[in-house]
Amino acid sequence: MIIVLKRGTTQDQIDAFSQQFIDRGLTVNSWHGTHETVLGLLGDTSVIDIEYVQAQPIVYKVQRVQEPYKMANRKFHPDDTVITLPGGQTIGDGSLTLIAGPCSVETEDQICEVASRVKASGAQFLRGGAFKPRTSPYSFQGLGTTGLDLLKEARAKTGLPIVTEIMSVAHLDLFRDVDIIQVGARNMQNFELLKQLGKMDKPILLKRGLANTLEEFLMSAEYIMSGGNERVILCERGIRTFETFTRNTLDISAVPILKKLSHLPVVIDPSHAAGIPWLVEPLSMAAIAAGADGLIIEVHNNPAKALSDGAQCLTPDQFDALAKKLNTAHQALKAL
Amino acid sequence: MIIVLKRGTTQDQIDAFSQQFIDRGLTVNSWHGTHETVLGLLGDTSVIDIEYVQAQPIVYKVQRVQEPYKMANRKFHPDDTVITLPGGQTIGDGSLTLIAGPCSVETEDQICEVASRVKASGAQFLRGGAFKPRTSPYSFQGLGTTGLDLLKEARAKTGLPIVTEIMSVAHLDLFRDVDIIQVGARNMQNFELLKQLGKMDKPILLKRGLANTLEEFLMSAEYIMSGGNERVILCERGIRTFETFTRNTLDISAVPILKKLSHLPVVIDPSHAAGIPWLVEPLSMAAIAAGADGLIIEVHNNPAKALSDGAQCLTPDQFDALAKKLNTAHQALKAL
Amino acid sequence: MIIVLKRGTTQDQIDAFSQQFIDRGLTVNSWHGTHETVLGLLGDTSVIDIEYVQAQPIVYKVQRVQEPYKMANRKFHPDDTVITLPGGQTIGDGSLTLIAGPCSVETEDQICEVASRVKASGAQFLRGGAFKPRTSPYSFQGLGTTGLDLLKEARAKTGLPIVTEIMSVAHLDLFRDVDIIQVGARNMQNFELLKQLGKMDKPILLKRGLANTLEEFLMSAEYIMSGGNERVILCERGIRTFETFTRNTLDISAVPILKKLSHLPVVIDPSHAAGIPWLVEPLSMAAIAAGADGLIIEVHNNPAKALSDGAQCLTPDQFDALAKKLNTAHQALKAL
Amino acid sequence: MIIVLKRGTTQDQIDAFSQQFIDRGLTVNSWHGTHETVLGLLGDTSVIDIEYVQAQPIVYKVQRVQEPYKMANRKFHPDDTVITLPGGQTIGDGSLTLIAGPCSVETEDQICEVASRVKASGAQFLRGGAFKPRTSPYSFQGLGTTGLDLLKEARAKTGLPIVTEIMSVAHLDLFRDVDIIQVGARNMQNFELLKQLGKMDKPILLKRGLANTLEEFLMSAEYIMSGGNERVILCERGIRTFETFTRNTLDISAVPILKKLSHLPVVIDPSHAAGIPWLVEPLSMAAIAAGADGLIIEVHNNPAKALSDGAQCLTPDQFDALAKKLNTAHQALKAL
């Protein structure tokens, strides 16, 4: 951490200020220019609160040199994290993981049909929303516990592990039999929820917030990991920009950057990023070419009747064609 | 709601599609151009899920004409909502409401001293964080229930009602004796929390999310109001943009727009919007000139020792000078 | 174009308002709801100024149904535009076009060495800046006409056509012997320059502005095309967002969207989008997978000595390895 | 300037790297941590190209401590710049400057009537566009030289100095008789134009680009000033964000920040920032309260017939009422 002090700071002030870092086991270097004095803190600065430092009246600017995340940091954990489910499904081992299913669970027929169809197309996981975050209180809010039960039925019939979103710490008990718990973009900084998920023995699929930086994203992963649960899957699903043609803007650079900064697996959600079904294929192709470990894709057996987000769903037939293409492309690109 | 259909849609498809809106009590008008057919839905379209409409294979574009919020909408509630506390404090009645206090509650001495100082300067409410949303799990997370107790002590000593942030539905019981419950920007779309707050008999100070539109902001207010709690205070606290000089960009236009679209009171948080103490005064002045009902300002008796966000705090002396200036300016501008 | 009128508009006002569109050859349909009257304009509405309509006191909202661009619109020009240079090089014909070279032309040795190296690696075009748009007046501004001369020398030696940026209408004559004229992101809405380029018989590589929507981008292409020059190449090079890890955020969705909306070729500039050399490869791979017609990549024989933007340059060896990989990937993906 | 070197950099590399800064008159300090070596450059670092430094293979991170602008920097020019016109009008002397007029000059009657009306209401300057930057080539592009002639006629009749926008270096000669030359947001980084304006003996009203940081804005002012023309007026006119209710988002913080960083006068354009006439008053009030030196406001004698941007125009009567209110408010706030 580098700290530029304001002009006119006295040596006594510098000494007093430096001492508190020395007391916490850090080394403090300094140099004195014509106008500024600059301090350099060496050691484990992740314990230092940068805002506390910024608040000091003698401080002009402060900048981290080290990343503020540790458990999610590839520097301290060079090997890729591979997440393996009891049924043998994997994420992060170099294979292409496909997670597919409807935005919302609606009926037994719907979820079971979609589940069997996406399984036949090669998906390893079934996704489906039981608790739905909706902008309007007047929109369909999901089937809740009934939706979770229907997901489990579909799992029983197909063997596909289920991925579904949690929206409240009050629902934690309901999710103990879910295979992968998803945290939605709007809850990426619901820190109380993250802390509780840190105590669970379940993989967590953490979606990036609409307007959160990659560093903030990794800090939210760090919340879960520092609680003891190191099985976090990072999911980029589009960020909010000025562009209005798409619902969000897929940040494709997030894939190689997250893979470099962190050892955690990275999946892409092309359905929510675009909100347009004909963009799902090219964005999925781009994601695997950029190095993503997997994709999470919305599939509905009747998109026009979908109770939420149908606009971006593929039909099972469309998903089948896409899955074939993606798997072939993944093999071809891996061989390069 | 106006729906543009895709080229090639047949009359049978149009009839079937229209019927479902007619069944819900709406009137459907249509016209047929050389290329497009356009439908106009008349009646209470807030019950229609725009994403459902968008998902229909025959739909090309859809646009709302009416706002999707009702209880927060000034059209249906022309008079300003005035929030009055049992102690007589008000928000939204044309007076200038000042809410002041530290980012975090730290010690009894700290919160009581700040409380008595800001009261002496004319603040009507004491703010202070007991549960703190922090980007890093390694940063100070607030004193929790102890912090709430210290706030109540400061209230007992000064008579100032307290405003403090809730971060989890699991903490609802702890907040029953808080005067105004704050929802932070990161939880603006924590819908499960909003639903629970809709059942409480407390004013809610709802902060706008970092990257949420004003319509989304009003929809979150609508979540609380549709649950039965109509006492919502809207708080603009800066949005995320490309500019890096300030932590966030204060959207000053939010004040007149929210006042026009909604009957709810609007306050501004200049401390978080900027993250820079010398910007608090000009932004506060701009806020009252633009018509804000109040301000929420961070004050700490020792900013350099603040455990969080000290960088943006004013000292009690600075706040005293500012409060005098703001009250004088408010009187002068009101007289115009 | 759909126009929602304000409540209380009289029939006389509607008639007078409608007449001016009828006079311009459009058909006007209308319907009357309980609160609103809606007009639908049918015919070629691209001649209607949407801001003029919005300004009418009786107008509440207005929305285009048709795109405002015509010559760039795939609806009116279904076949892909293929740009062919006299030397046989092509862009937009399904092959992968590689444009490579240094950010700035610096010396004869530099540009000739880079040119021969990138040609050997399979690049079909040489890029290099002679006039450089720099944020600071104190930064190196490019060699100007000397730089153009050096580019032509490198072209003479290698046979590679040259691509270089124009910054001013005052320089038009200097660019008559350039093969492809580039318009930089900062000049995407320098409309006087676009008009002049519309009169030239040269392909124009038009870069998207940092904060311009795709529709605005296509409208800038329309400026050039409506002047008579239909050979425009669209280049996505990253947009400005809140993310700070990369210099800009590559909008990968721009590739499939522009290819669908327009018939013009689309190339990606991964060097400027990221500003980080290790991101050039994954972003290039993503661009091809998403359907880009080509890539424009910065290569310098000594990045550490580059007088501008060296931070994002590849060495010729790195480019050689990348070009091989990209060509193989392009073949493999095309075969799917 | 602080430079963090990559791990593994050798002392020889450090020495060679440091020498080039020493050769340019700077002092280089260094310290060596367990992992990183940090260099501090002292002296006038504005001559150092930060991108060149970033490009060095041994460099990990680099950060400026000093601002890169000098002539626009208040540190080197503590007194406010006051711009005085031959007719005695001033900008930046503590008074409130009002610049008003139509978006586009359309007819002699229009511009002369608006000019006499806004003069009567207390405006000191007449604005009006002769060359108009329009997104679409099919929109009205302004009257060009005829428009300039009409502006001069209006000036002759009213005595109001004229402010109008230049769009091309090819038009420089046409602007020699204009009182203040405006550079529009889209041309803020048209560096060739800025350089030419730096040679003129005219005040330049420079608008901030839609997606440019305040530092980039000041660097564009520096382009003009470093050419010899120090009379630059900074104009904030809204930035592009995700919010869709307003055309742009007025960055009100820009006023106090620019006033602190620079000595140049700052004016606000509330008409373009919002694009909505009923927002012009509250945003103007906010601008004055935040410390703006002036306002530039669109006024048209018949907004519904305005050929461009009529949607945001005030009528002369509305402007008259607003000007009275603004002048009274300015007096009241100044007295605080």
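Which chain is which? They are A, B, C and D, in the order written, and residues in each are numbered from 1.
One rule holds in what follows: contacts are C-beta pairs under 8 Å (C-beta built on N, C-alpha and C of every residue); 3 or more make two chains touch, one makes a residue touch a chain.
Keep in mind that this is a model prediction, so the values were computed, not measured.
Chemist: Which chain has its C-alpha centroid at the greatest distance from the C-alpha centroid of chain C?
Modeler: Relative to chain C, the chain with the farthest C-alpha centre is B.
Chemist: Looking at A-B and A-D, which one has the bigger number of contacting C-beta pairs?
Modeler: A-B
Chemist: When the C-alpha atoms of chain B and chain D are each averaged to a single point, how far apart are the two points in Å?
Modeler: 32
Chemist: Please report how many Å separate the Cα centroid of chain A from that of chain D, as a whole number.
Modeler: 40
Chemist: In angstrom, rounded to a whole number, how far apart do the mean CA points of chain A and chain B lie?
Modeler: Once rounded, the distance between the two centres reads 26 Å.
Chemist: List, in ascending order, every residue of chain A touching at least 2 other chains.
Modeler: Only 211, 240-242, 244 qualify.
Chemist: Sort out for me which residues of chain B touch chain A in the complex.
Modeler: 46-47, 49, 51-52, 54-57, 68, 131, 133-141, 167-171, 186-187, 189-193, 195, 209-211, 216, 219, 222-223, 226-227, 240, 303-304, 306-311, 313
Chemist: For a test of understanding, state which residues of chain A touch chain D in their complex under the given definition.
Modeler: Of all residues in chain A, those touching chain D are 2, 4, 27, 29, 31, 33-36, 38, 40, 42-43, 60-61, 63, 65, 211, 240-242, 244.
Chemist: Mind pulling up the chain B residues that touch chain D in the complex?
Modeler: 211, 213-215, 239, 241-246, 249-253, 255-257, 260, 273-274, 278-279, 282-283, 285-291, 325, 328-329, 332-333, 336
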